[in-house]
Amino acid sequence: MSADVELDRVTVRFGQFTAVSGASLKIAGGEFFSFLGPSGCGKTTILRTVSGFLDPSEGAVRIAGQDMTGIGPNKRPTALIFQNLALFPLMTVAENITYGLRVRGMSKADRMKKADELLSLIALPGQGGKLVSELSGGQRQRVAIARALAVEPKVLLLDEPLSALDLKLRQHMRTELRAIQQRVGITFIYITHDQGEALTMSDRIAVMNNGVIEQIGDGKVVYDAPKTAFVASFVGGNNPFPGHVSKADASGAVIDTPFGPLRGRNPMGVKAGDKAILFVRPEALRLGKGAPDATITSTVLSVAFEGNASHIFLKGAAKKDITLTVGRLERVTIPEQGVEAQVTYDPDLGLVLPEGSMARE
Amino acid sequence: MSRLLVYLIPLAVIAAFVVMARYERRLAHDPTHRGFFERNGTVLGLVFIGLVAFWMLMLVVLPYLYMVQESFHPKLVAADRGGPKDILTLDQYRSFFIQPTDGEVNTTHLWAFFFTLAISALVTFLNFAICYPLAYYMAQAGSAQKVRLLMLALIVPYWVNEILRAFSLRLLLASKGLINQMLMGVGLTDAPIDFLGNNVGLYVGLSYAYLLVMVFPLYNAIESLDKNQIEAARDLGASWFRIHKDVVIPYAKPGIASGCTMVFMLSAGSLAAPQFLGGPRTLWFTSIVYDFFFQAFNWPRGAAYAFILLAACIALVLLMLRLFKVSLGEAIK
Amino acid sequence: MSSQTINKVMIGFYVFLFFAYLFGPLLVMSVTAFNTPSYPAAYPLEGFTLDWFVKLWNHKAMMQGLVNSIIIGIGVICVSVPVGLAASIVMNQIYHRARSLYYLVTVSPVLTPGVIIGISTVIFWRDFSEMTGTRGVFYKGIVLAIFGQSSFIAAYCLLIISARLQRFDRAQEEAALDLGASYPQVFWHILLPFLKPALISAAVIAFLSSFENYNTTTFAILADKTLVTVLAGEVRQGTTPALSALAVIIIVISLLGAIAYEIMKRHEERRSAKLAEQAKRAERGELAQGPALAAPA
C-alpha cells in the first residue's frame, strides 16, 4: 500500500525567514524520490512539513489525494526515519519495532508475532530481546526502518539516515535501502546532501537551493541536462566558463570568455547579449587541439592521481580551476606541471546556461 | 475586607500574563507552535496546570501575601477578627523602631537586627574563604570516582540533622567540653573559655551549618571552567594568586554569588544555631520572631518583623549583586 | 622538595583539615554515645555502654515524633514530586519570555527563610480554612507541615526533574508521535520512563529534606510534634548522651546509604561499558560480512 504525495505551492516561513518557497511537485506512489541540496536549502523543512511537524505558511500537502492541513503527525499515513534514528533507549529492539502497533491497541501476542516477522525482514532474527545500546550502527539503522515499516505507512520519509555512518557502512546501506524499498513497494522520500546517494538510489531527484526547487528529474536528466547553474555545479563536478553570449540560436550558443569564444548547446534558449555560463564536465574535456571555438589553452597547475583516474588542474579564468579527468586506461600523455596545454571538448557536450548562483565549493 | 483583596492580586497578575502571551503569539506566526492543551491532551494539561496553580497560589503566593497583609493589622482575639477593631495599621512596623510599651527607641530589637545581618555577612565571607580551596580542588581532582567520593563525604554529615550538629558543637565547645579539656590539659589556659557565652559558638555553628551550601555552587561554577585557561595563565607566568584573582574568580562569579546569597539568607533566617549555641545574652533577630509567635502569641507583630527581615535580606543581596556586577539571572542558576 | 610536592602536601593537609572540621564534632559526639557519664563526655572514656540507645528507644515522645515525621515525609513526597513534575513540564513548554519570571517565582521558596514559610502557612490556612469551613481538615499540624514544607521542597523537585528533562531528546517524542501515539501516550510511554531516575532522586531528597526540616516545621506543626521538634525540645532543656545515640544511628544509616549508592553506581558503570563493548563487536562483525539484505527474497 503506497500513496502519491503532492506539494501544492508549499511555502514555509519562520518569522522573517523563508525556508521553503513555492514548492510544487507530485511524487508517484511507490517511487523512491530524493530531495538533494546543501545544508540549509530547505529539504529538512519540506520533510517535516510532509510528516506533519510543521504547518506550511501557504499551500498544502496532499497524500493520496487527501489534504493534510491541520492533521497532526500522529494521524498522517507517514513514518519518519530520523537523522539520529531516535530509537527508544529504554525499550528492547522488539518493543521499539512494535511501538507503533502498541499505541494502536494491538495485543501483546500479536505484537510479538509481528516483531518476529520484521526482525527476519531486516536480517536480525531472534535479536528482539536486546537493548538498542547493544547494537551496531548498521543494525540500529535497520531497527529504525523496521519500526517505521511496522505501522505500514503509505509514505516513508528518511532524513539523511546515512550521514552519521562511516564510509564503508554508508555504501552497504545504500544498496540495502534500495532493496527494502523495492521489496516493500511504498513511496520513499529521501533527503540528502550527498549527490552520490541521490543518484544511485532514486527514481527521481529534486535539487534544491535556498528554499527553491531548481529542477526535478531522474539521475541522468539531472546530470546530463541541468537547467540552472546551481544544478549543473552541484550534481557532479563541472567546469564553469562565465561570460557574455555573442551568438545564440536553438542549436547552440557562443560565449566570449578570457579563453576566447567557446560554444555549447543552448537548451534554455539564452539570447545574444545575455550573461551566461558554459559548463563542461571534467570527463568531457580531452587533451589536445580541437575546433577553434571549443579549445582552451592554459597552464597545468597540478596533477592528482586517484587510482582509476587522474585529475589535471589547469588555471581557470576566475577563482575556480579547470578540472580535466582522464581515465587510467586512456592512451594519453599526462602533461607535467607548469606546462602550457591545450584542452578541447565536443561542443555537444558543452552546456550554456543562464547566469545564476553556483554551488559553494 | 482587606483580607479578601489578597486573593485578587495573583489572579490579576496571571490574567495579565495570559493576555500578553496570546497577543505576542498572534504577532509572530511560528509554524512549529503547538498549543499547551494540544501538546499534553486536555486531561493531562489540566492536571499539570492545576498542580502548579495549587502550589504557587495556595502554598507560596497567597500565604506570603496573607502574612504581609496580616502584619498591617493589630493583634486581635479570634472573635474580633473581621470586626470593627480590625483596622489597617502601621503599628506593628512602628513597634520595630519605637517600643509600644514605653515609647522609647527599641534599641534591643534594632541592635539584634543589625547584629544578625552583620554576623550573617561575616559567616558568608568565612564560609567562602573556607570552601573556595576545597571547591577548587574538587573541580580539578580528575576522576569521576574521586569527585563522587568527595561529594559523598561532604553530604554524609549533612544528613545528620542540623539540631544534632549544633548539639555536637555545643558538646565540643561547652565549659566541660572537649576543646576546653584539651586546652586546659595542654596548659594553654587555666579556666575554661566560655565559647558559647561570647558567641564564638554561634559563629562556628552558623558557618558549620552552611558549608555544604557554599561548596556546591562554587564547585559547579569552577568545574565548568576550561582547564586550559588555567594552564595558559600558568604558562604565561602568572603566580597562583593572580591565576585565581584574574581567571578563576571572575569566571566563577555567578557561582560565588549564588553560594553567598544562599549562605547569607539561610544564616539570617537560622533558628537552630542561635537557639542552641548562642549565649544567654545573644539576640538573634529570627529568635525574636520565634518568640513573638510562641511566647507572646502576637502573630501580626511577628509577621511584620519577619517581613522586615526578608526585605532587608533581599535588599542587601540585590545590592551586593549590583556591586559585583552579577545579574540576577546568572546568580540563580 | 619540589614546589609540586609542597603544593600536594599543602593541599592534602588542607583537605584533611577541612574534613576534620566537618566530621570532628560528629565523631566526638558519637563517642559520647557509648560513654557512661550522663553528661556526654568523649574524654575520659569511663566505660562502654549501650544504655543510652535503650533510653532512646523508650523515649515515648520521640517515638511518636518519629511516626509523625515519617507520615509527613510521605505526605511531602506525594505533594512535591507530582507538583515538581508538573511545574517542570510547564516550565519546559511555557512561552519562553515568561520563563525567567516563572523560574524566579518557583525557585523563590528555596531562598525564603523557613521561618517565614512556616508563619505564612499557618496564618493563611487558619483564615482560609475558617472561611471555607474546612477547619477540621486543613488546620492540623501534620497537614500544615506538609503544606509548608512542600512549598520549597517542590522547588527542589522542580530543579532535579528539570535538569533531567532538559536532556530529553525531543526526537524521541517526535518519533513516538510519528508512529501514531497521542500526546498522553507519549507522556506515559516515553517521557515518564525517561524521567524515572530523576523522579526517584526527587522523592528521596523530598523525604530527607522533610524529615530533617526544623525552621518551617516548628511553626507549622502547631501542637503536634515531629522527631526534630522533640529533639529540639530535648536539646534546649538539657544535654544527655541519648541524643548522641540518636546521632550515631543517623550517621550509621547515612553511611550505609552512601556505600549502597556508591556500589550501585559502580555496578551501573560496569554494565554500560559491557554493552558498549558488545555494540562495537557487532559493528566490526557486520562490516566484515557485507550487505545483509541486498538480494531480494
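We call the chains A, B and C, going by the order they appear; numbering starts again at 1 in every chain.
In this section, a contact is a pair of C-beta atoms (placed from the backbone, for glycine too) under 8 Å apart; a residue touches a chain by one contact, two chains touch by 3 or more.
If you're wondering where the values come from, they're calculated on a predicted model, not measured in any experiment.
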Most extensive contact between chains (C-beta pair count) | B-C
Return the chain whose centre of C-alpha atoms lies at maximal distance from the corresponding centre of chain C.
-> A
Which integer distance in Å separates the CA centroid of chain B from that of chain C?
-> 18
Which integer distance in Å separates the CA centroid of chain A from that of chain B?
-> 59
Can you give the whole-Å distance between the Cα centres of chain A and chain C?
-> 53
If you look at chain A, which of its residues touch at least two other chains?
-> 53
Multi-chain contact sites of chain C, meaning residues that touch two or more partners = 182
Can you check the complex and tell me which residues of chain A touch chain C?
-> 51-53, 72-75, 78-80, 82, 84, 86-88, 90, 99-100, 102-104, 122-123, 131, 133-139, 142, 147-148, 151, 168-169, 172-173, 175-176, 179-180, 182-183
Give every residue of chain C touching chain A within the complex, in rising order.
-> 169, 171-172, 174-182, 185, 189-190, 193-194, 272, 275-276, 278-280, 282-287, 290-297
The residues of chain C that touch chain B in their complex are 11, 14-15, 18-19, 21-26, 28-29, 32, 39-43, 82-83, 86-87, 89-90, 93, 95, 97-98, 100, 103-109, 111-117, 119-121, 123-125, 127-128, 147-148, 150-151, 154, 182-184, 187, 208, 212, 214-215, 218-219, 228, 231-232, 235-236, 239, 243-244, 246-247, 250-251, 253-255, 257-258, 261-262, 265-266
Per the touch rule above, chain B residues touching chain C in the complex are 3, 17, 21, 24-25, 36, 38-41, 43-44, 47-52, 54-56, 58-64, 66-67, 70, 81, 130, 133-134, 137, 145, 148-149, 152-157, 159-172, 174, 176, 178, 181, 208, 211, 261-262, 265-266, 268-272, 275-276, 286, 289-290, 293, 299, 302-303, 306-307, 309-310, 313, 328-329, 332
